[in-house]
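I have a structure here, written as structure tokens, and I will follow up with some questions on it.
Order of writing sets the chain letters: A, B, C, D and E. Residues in each chain are counted from 1.
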Amino acid sequence: PAMAEKKTEFKVAWSIYVGWMPWGYLEDSGIMDKWADKYGIDVEIVQINDYVESINLYTAGEFDGVSATNMDTLSIPAGGGVDTTALIVGDFSNGNDAVIVKGDGGLADLKGKSVNLVELSVSHYLLARALDSVGLREADLAGVVNTSDADMIAAYATDDVEAVVTWNPLVSEILEQPNATKLFDSSDIPGEIIDLMVVNTQTLADNPEFGKALTGAWYEVMALMASDTPEGVAARTAMGVASGTDLAGYDAQLASTEMFYDPADAVAFTQSADLPKTMVNVANFLFEKGILGEGAPSADFIGVAYPDGSVTGDPDNVKFRFDPSFMAMAADGAL
Amino acid sequence: MSYVTVDDIHQSYDGRPILERVSLTVEKGAFVSIVGASGCGKSTFLRLLLAQERPTRGDIRIDGAPPAQEPGRERGVVFQKYSVFLHMTVCENLIAGESFGESRWGRFFGAKKRAARERALQTLERIGLAHMADAYPAALSGGMQQRLAIAQALTARPRVLLLDEPFGALDPGTRIAMHDFLLEMRQETGMTVFMVTHDLQEGFKLGDRVLVFDKPRWDPHEPEAYGATITYDLDARRDNVPTPAAPDASLEGTHP
Amino acid sequence: MSYVTVDDIHQSYDGRPILERVSLTVEKGAFVSIVGASGCGKSTFLRLLLAQERPTRGDIRIDGAPPAQEPGRERGVVFQKYSVFLHMTVCENLIAGESFGESRWGRFFGAKKRAARERALQTLERIGLAHMADAYPAALSGGMQQRLAIAQALTARPRVLLLDEPFGALDPGTRIAMHDFLLEMRQETGMTVFMVTHDLQEGFKLGDRVLVFDKPRWDPHEPEAYGATITYDLDARRDNVPTPAAPDASLEGTHP
Amino acid sequence: MLLLPFVAVLAIYAIASDIRLSENPRDKLLPAPTTILETAQRLVSEPDRRSGEILFWKDTAISLQRLAIGVGLAAALGLSFGLAIGLFPHIRATLAGFVAVLSMIPPLTLLPILFIAFGLGEISKIALIAIGVTPFLIRDMSQRVLEIPAEQIVKAQTLGASSLIIAIRVAIPQILPRLIQAVRLSLGPAWLFLIAAEAIASDAGVGYRIFLVRRFLAMDVILTYVVWITALAFIMDYTLKRLSEGLFPWAGKDGL
Amino acid sequence: MLLLPFVAVLAIYAIASDIRLSENPRDKLLPAPTTILETAQRLVSEPDRRSGEILFWKDTAISLQRLAIGVGLAAALGLSFGLAIGLFPHIRATLAGFVAVLSMIPPLTLLPILFIAFGLGEISKIALIAIGVTPFLIRDMSQRVLEIPAEQIVKAQTLGASSLIIAIRVAIPQILPRLIQAVRLSLGPAWLFLIAAEAIASDAGVGYRIFLVRRFLAMDVILTYVVWITALAFIMDYTLKRLSEGLFPWAGKDGL
């Protein structure tokens, strides 16, 4: 149904993660409303406690946009046939995700150990890349044990757990334990774990104001966050509290997150030639794990479109698009 | 003019025949006493009359109507293990005898309610339970519960009343008072009564007819091979001259 | 030589006095029949003897022992609403009368089990239930259940047996057979029996003494103001000469 | 006596916490009882910096409201379907299997479908509670209706009661205490479903809060909420018990 | 008749799925019934690429084992504590309140503590199931023990039964059918806890698989597993019902 559907009310979902905390702040501070009013629309930002559920709900059509990683966007909405556009490239993980082992040792020592992680998540991807880097494969491990992120810290405290892969703020929490050693983190594969705000392509095409309002609001907060003015500190403090820590803790997490405060940086990142390579890597990983839908014939069965018009994967089945045009408008001050 | 017609019924449980070839006609307003050895099938016969169970063979008609599928208001009953509603007070139990059949919601309101309570209290006075009107049945003695069960059944004024050893738990004095109460109500409503009793004297005193249930055939090696039927049908008005019943033929009522 | 001593007991429910100043001594092996109006407190008295309830005042001793805290093997009972174990077959119910008291696990094994079943079948033959030995009580008629309950209580051979209208649901023939069974067992075990009955004839036939429960004081405006007590204590062996009981004094047994 | 097991649990906790804390003073898993008390004090008194509300009370109010509506709905459905299935063989034949199957579906696995069907708002949370406990209530209620002795239903029919009257005057009053009991038994699962629903998509409520802080293992907050939930649930449980005892004096006492 | 509601649900699903699929042919939320069938076929037959095992059967076997041990443990605890609380007033006074409080603690909120106590392995999963359903079973069992008529206990005492014998020969046989019923009612919650436990830390089992594939909204896989779980649970339920009817012929029929 390619009928253009104009509407004025939009809902986006987000879940707690260091790079997405600004979404909560946007809603609470009224900045979102301000921008929505500017474009004559209404945008509701809803926090969903469960990250996967928020993407599922977006995929099922309950939301017009959702905060997600590049990998999960490829597997869930794009894999589920929902044509999705990366509207805002917020940051990439630069140390936020880590492989941690109890006691001393190196990556090679993971051989024969079991690793607790959220299976099929970016942690799993990170582990695959880490093992790659020392020539190991997942089969060399004693096994991976699916462990809910909510229970990761408690799980780490039990004797059954030898190694974990997880993300912040859990990483910093676990690293505080006396015997925890970080073996590998996302700063070793910079730019591969990307945190996005993705929206429904059709909705965006029909309602460009929606994209403009979201992008405009986002970069207003980015500017605020980046500044060390009292307002900026207050904003980061609020985000820290909302994620269960304080200003210092939040700043520490930001340190391992490559935030694109400047829209121009985000545009440049999106246009870089590394992005297609990353996405092919990710697609291969997903296919190997059977996540691209049980019926997926090959790793390149979903097409991903890039700003220059190039496509990786199947060009007849493009379901995931990187579109920096709205970020570019922000960079140009055109919003 | 037969009112209740029992036509060649048979009943067995788990393949064991209990009743065999029982046929009977009873006139409207008759009082039929039923006696017989313990376990011979008297209660079973009442359950069949009540339409609580369906016979294996044969059928029972009241006033020529097709055999009933389930118990209804035209048949009242007092069970051998007398039971009243444990969740209602004594007075409410009695009122239920009226309200269940007459009110859409099974409950009276306003003036009707007051009148019904008044009547119930009178009845309770009559059966010696007035002082327990607002108690729950759990606080009644065995005989008191039995009296309440009888009064409740009578209050509904059924056309056919089935009584299974109704006076078994009463002392002689109370028993006579309850006899009077029953006979009075019967006079008033003209109902047809079937009463199982073990007291022959009582059976003959109250009944117009006394039916004796027994096994007509008996195999000493297999006492359970045959069921019971009506072996005697005595006219309680004609000074107890036993007249053997013809089990295969439907009996004409002996009541004038 | 008093065996059962009832010393000035009072019992009330919800503040309503039921029994007042009941005193009694009974010799070992005596058979005491109890009669009285419906609701006067006969079953209550048996419950007190059984130690199922404790009296509001006074106490009951058997063989000089301190008042029992709860029912036990020395007292057997047949309730007015006769009840047997619904989850055991007829035969198992009877065997339970032996095995509950004699075996550690409440169950016999091996040869003992076979012997117990043999005895049980004999008893069942005696009370006319042999053909139902392996049926569950739900398939028994009222009178059959009552017979089973009596036989079960007797099988346990209690020292004091409490019977609450035990023969109420039986036809005259069966009733006499059960009388004989009871008297025989009593002969054999020398147990002391208390039996509530509404059949005076039966009370005098079986009992050595007949106690009459009634209200000695009576306020016509408030029939519930006073409780009942033993108003007559008749010697059933001396041709029924009524001797008024002295309610305040403990009565010496009249049995020779 | 009553407090003994509670004291024991508290003591075990205190010791375990002490051991862990002495090993690692920053251990979060088993905070010292004093820490929990301090946290609790802070939670119930300090307003949220962002909204100025005291989140603890806001969470409680919202969760209780959801719970009350969800459980109320489930109770109403459980009673109506339970009655229909228990009383009417036709409905039983159609629905019994379906309800049995329904009760086996783990609702939490179908959350995405539930969220789409009921949205993300209040309705989905209430629906999850209702969906979670209704099958249990229906099954328990219908079972209890079936346990009403057949005599009671027959008795009501002979008094002229229609199906409606049997339902509202005989069946409902008799199973209402059971309904309350069943609701009490399902309070635990109801809280579980509430917490599960709030954990996934919500911005207030005790379940939301617990899962929010679970990420950083703020066991002091979690334990405060858990103790509070347990206390609330227990108060509800106790209130329902007392209510049942007050409303249905004829029903036996509830055990737990 | 029996299938009617199932057909209706299936039809509603098919229509809803069709509507969604016509909007987005690759919609994953409500896959077409044919897709589910294909997926199911693949799941039950195709071995895993990595391990060569058919994961579906492996998951099933592991989950069933956990469930059986957890529920078995819970049933044993429920029966023993239920008996102790129901039969002995002293134990009731000490434990009743504690169990009532215990049953209100939502176990899922205390997972971190459970991990510390039971580790992350099999034990913690079994423990979660047992902890989840035991309080319900204890409460239901003790209630059912209390519902055993006092006469039955008194009768057993008069036959000389010790507390042990009352427990094993009177109480247990009478509540075993109730235990089976209660276990049937708790199968739903047991699966719920199993799935929750497997979702949290595991590498096999149906709950693990469901939560894993939730990562890419493979509703076809989820629905296959849910249908399978429901079928398994229903078969267990039905088997238990038949078992109960076979073992306890004296108990009334189970309704659902």
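Convention: a contact is a pair of C-beta atoms (placed from the backbone, for glycine too) under 8 Å apart; a residue touches a chain by one contact, two chains touch by 3 or more.
Just so it is clear, the structure is predicted and the values come from calculations on it, not from any experiment.
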item: Shared interface partners, meaning chains that touch subunit A and subunit D; value: E
item: Two chains joined by the most C-beta pairs in contact, as defined above; value: D-E
item: Chain whose mean Cα position lies farthest from subunit B; value: A
item: Reference subunit C; chain at largest CA-centroid distance; value: A
item: Whole-Å separation of chain centres (CA-atom averages), subunit A against subunit E; value: 37
item: Centre-of-Cα separation between subunit B and subunit A, whole angstrom; value: 81
item: Between subunit C and subunit E, centroid-to-centroid distance (C-alpha), Å; value: 48
item: CA centroid of subunit A to CA centroid of subunit C, Å; value: 83
item: Residues of subunit C touching at least two other chains; value: 81
item: Residue list for subunit A, restricted to those that touch at least two other chains; value: 56, 60, 151, 153-154, 157
item: Residue list for subunit E, restricted to those that touch at least two other chains; value: 29, 112, 116, 214, 217
item: Pairs of chains, among all present, that meet the touch criterion; value: A-D, A-E, B-C, B-D, C-E, D-E
item: Subunit E residues within the subunit D interface of the complex; value: 1-2, 4-6, 29-30, 85-86, 92-101, 103-110, 112-113, 116, 135-136, 138-140, 142-143, 145-147, 181, 185, 187-189, 191-192, 195-196, 210, 214, 217, 219, 222, 225-226, 229-230, 233-234, 237-238, 252-256
item: Touching residues (chain side subunit A, partner subunit E) in the complex; value: 1, 52, 55-56, 59-60, 72, 75-76, 79-82, 116, 119-121, 139, 143-148, 151, 153-155, 157-161, 290-294
item: Footprint of subunit A on subunit E - complex, ascending; value: 23-29, 39, 42, 49-50, 111-112, 115-116, 119-121, 199-203, 208, 211-212, 214-218, 220-221
item: Of all residues in subunit B, those that touch subunit D in their complex; value: 50, 52, 70-73, 75-77, 79, 81, 83-88, 96-97, 100-102, 104-107, 136-138, 152-153, 156, 158
item: Parts of subunit D lying in touch with subunit B, wherever the complex brings them together; value: 149-152, 154-162, 164-165, 168-170, 173-174, 248-251
